[in-house]
Each structure stands twice: as C-alpha cells, then as structure tokens.
Amino acid sequence: MTTLGQTRWAIAEGYIPAQSSFSDPALVSHETACILNVGETTAHLRITVYFADREPVGPYLVTVPARRTLHLRFNDLERPEPIPRDTPYSSLFESDVSWCNTRDWIRGAPK
Amino acid sequence: MTTLGQTRWAIAEGYIPAQSSFSDPALVSHETACILNVGETTAHLRITVYFADREPVGPYLVTVPARRTLHLRFNDLERPEPIPRDTPYSSLFESDVSWCNTRDWIRGAPK
Amino acid sequence: MTTLGQTRWAIAEGYIPAQSSFSDPALVSHETACILNVGETTAHLRITVYFADREPVGPYLVTVPARRTLHLRFNDLERPEPIPRDTPYSSLFESDVSWCNTRDWIRGAPK
Amino acid sequence: MTTLGQTRWAIAEGYIPAQSSFSDPALVSHETACILNVGETTAHLRITVYFADREPVGPYLVTVPARRTLHLRFNDLERPEPIPRDTPYSSLFESDVSWCNTRDWIRGAPK
C-alpha cells in the first residue's frame, strides 16, 4: 500500500483541564491525537508543544508501527515533561513517513 | 454531474463504547461515516480497519448507489468481523469512484 | 478583496431529529451550514439534498449578499420541499462565486 | 523551521450566546480561534468579522509572537467594537506570515 497523508501536521487547539467532571475513564477529560500509519514501515514522530507565553517544549518521541493506529492522549506524554493542565497549547507533529491524523477530544462537561 | 471528492480517505479516529448511556436510538453511542456519491455510477468501497496492537481487518465491502448517501454506522459492520467495542481504531476507505466523506459521531454522555 | 474558498462543496453528514430536547431556541436541534461570502458580488447558491433511498431533491436556491454571512438552518428550507426529519441526508452546494463553508450543528441531547 | 499553514483563513461559523449556562470559567460559552505561529517572526493578524445584515467590522489587530500559540476568544475582542452576542457571524483572518488555525468552541449546554 502506498503512503497516505502527510509528514507534518499541526493541531492548533489543545487544552487539558485540571479536573475532569467524569469518573468513567472513557469520559475523563482528555485530548487525543489519532494517528494512522497505513505504511509498511514504522513511523517515528517528533511532537513539539507550543504555548502562549514560553518557549516550545519537545520533542516528544512517539512511534507508530506499520499498519497500526495510535490514539495518543496528550495526558500521557511525560518526557521531556508533562503537558501542563489548564494551559492552552498547540502541537506540531513531524514524521519520517506520511501518516494521517485527526483529533479527538472529550471535554469534561458538568455532571 | 462531474465527480466530487476523492477515492481514498482515512478516518484516524474511531471508538465504539461498550455501553451506551442513552436509550433513545437516535442518541445511542455510535460512530458513523457519512458517504456521499454524487456520481452517476455505483461506488464500491473497501474499508480496512486498523488497530493499535494487531493486524488490520478487512476489507469490509460497502456500496453506495449513484446519487445516494450512506450514513454508515461502524456498529453495523459484521463481515469479516464486528468492530470490537472499547477499542481505538482507525479506518481507511478506498472507492472505485470519487465520493465525499465526513464523519459524525455521538458519544455516550453521562445521564 | 479577492475571492476565497471554492464554488462547490459537499456536506456528507446531515440529520434533523424529529424532536428537539431543548426548549431554548438557541439550543433547539438543528443543522446549520455557515456560508461566508467575502466577495463584492452576490453569491447565488444551488443546494441539492441527497438521501439513502430516493432521488435527490433540489435545487434549493439561496443567495448570500456581498460581504455577508449566512448561517443557513436546514430546518428552514421549504422549497421545493422541507428536509424530512429523522432521515440521514447529504447536501451539495454549488455557487456562482467562491465562498467559504463550514458546518455547525447542535444535536438534541438528553435533558 | 520553515513556515507552515497559510496566511488567509476564514471561519464561517461564529456565534456567542448572550448567556452562558456554566459558572465554571473553563466551560463558559465562548468561541475560540486557535492560532499557532511556528515561524521565527511575529505574526500580525487582521481579523474581519462578517454579519448577516450589515457591513463587516474590523480589522481587529492581533499579534502572535514567534514560536507561540494564541487561543483567541472572540469574547475578548473589544476594538473596534465587541462582537455582538446572539448574532451569527463569520471571521476572516489575514496574516503577514503563514500560520495554522483550527477552531474550538464550547457552547453553553443546559444545566
């Protein structure tokens, strides 16, 4: 299968609330980037996170195996440092192979 | 009418909850791919579903007649196998005629 | 100002519930197509609505004056016939001048 | 880093409710445009706001420093005049450097 998508992608919107309104883990507030690698080689991604008032942080290194999807929760990123909560951010994805990305989010809604 | 759209499309995000929070069928948790065929010939689609930790499944074969829309619920896909619940997935659509796709979803929200 | 956008646009997803869950008009279930005409001439739009199991209906004729936006509720379309409720549909927009379109929707959520 | 994105962008959908349904500031009704400047120079943006029945208003002038994101709440725009509430609008962004934009919104939902 030929490659699909692109190797550079930005998600301008990002925000992880400090507190979630749900106890159900499936509905816990999170921000997710959904990455699909339809190619035959592992995709190595470098994610840079941008903020309003300080220098960007990164790269966060992520791999997506051939013919696999990764639903990456920004909540789970730990290195070089966790994404701060209650802080607007943007993210830039750069990959060595083309891939697809859409984003997904569930915000904590009032109970 | 000339064709519109493209013949290959990926939806990186996919997730069907195991349990829906609603009893109203219109609000039952589902993931839907909306496909529009504005052409004058039937569109034959092959859908491949990708997962995080196993080989892709497919093709799921779907047809959309000329000048018709299909709002396809991933819940309803049965062959070669149902889409597992509570499992992140991505989907790749390949069609023999160009078509349009947008996606739609309602997630189960807390009662 | 030069033109922006495109002259042909499809919204594959469409669905107007039969009953709304809200009494607040701002939250009544509706499907809206947001159209921006940044040009210096009136845009004449022809909208065709596609269904799963019958021939398309249209054209619905809509105009957007120069330098104006139209937030068009599909609920409000009456001629040649109202959009049926509880029925999946898709819509195709064709304009004589380029314009922009994004879509907007609020679905009835449980009270 | 090379530039990313484009210098002209429209958000056809816009609507700020008169009253928010939430007291939590994180969930207060707002419309936000998320702007990412991955470049090495400050981006100067001119925002024009379009309405259904009167001339556009603007420009609203906004800057996004190099390597920064701005999550701009339309609620916060004050000059040349606040965005009216309960009024459909569209917005056009023009920048002297390429940038990225996605939009974000939380609508007031019933308590």
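Just so it is clear, A, B, C and D label the chains in written order, and each chain counts residues from 1 on its own.
FYI, a contact is a pair of C-beta atoms (placed from the backbone, for glycine too) under 8 Å apart; a residue touches a chain by one contact, two chains touch by 3 or more.
The structure displayed is predicted, hence computed values, not measured ones.
K.L.:
Copies subunit A, subunit B: same or different interface, half of numbers shared as the threshold?
P.N.:
Because under half of the interface numbers appear in both copies, subunit B and subunit A meet with different residues.
K.L.:
For subunit A and subunit C, what's the span in angstrom between their mean Cα positions?
P.N.:
Centre-to-centre distance between subunit A and subunit C: 32 Å.
K.L.:
Between subunit A and subunit D, what is the separation of their C-alpha centroids in Å?
P.N.:
Taking the mean C-alpha position of each chain, the two centres sit 22 Å apart.
K.L.:
For subunit B, give me the residues that contact two or more of the other chains.
P.N.:
Subunit B, residues with two or more chain partners: 109.
K.L.:
Please categorise the chain-chain contact pattern as a line, ring, star, complete graph or other.
P.N.:
Basically the chains close up into a ring.
K.L.:
Which subunit D residues qualify as touching subunit A in the complex?
P.N.:
4-5, 22, 24, 26-27, 32, 34-36, 38, 67-71, 100-104, 106, 109, 111
K.L.:
For subunit B, which residues count as touching subunit A in their complex?
P.N.:
Answer in residue numbers: 8, 10-15, 17, 50-53, 55-56, 86, 88-90, 92, 107-110.
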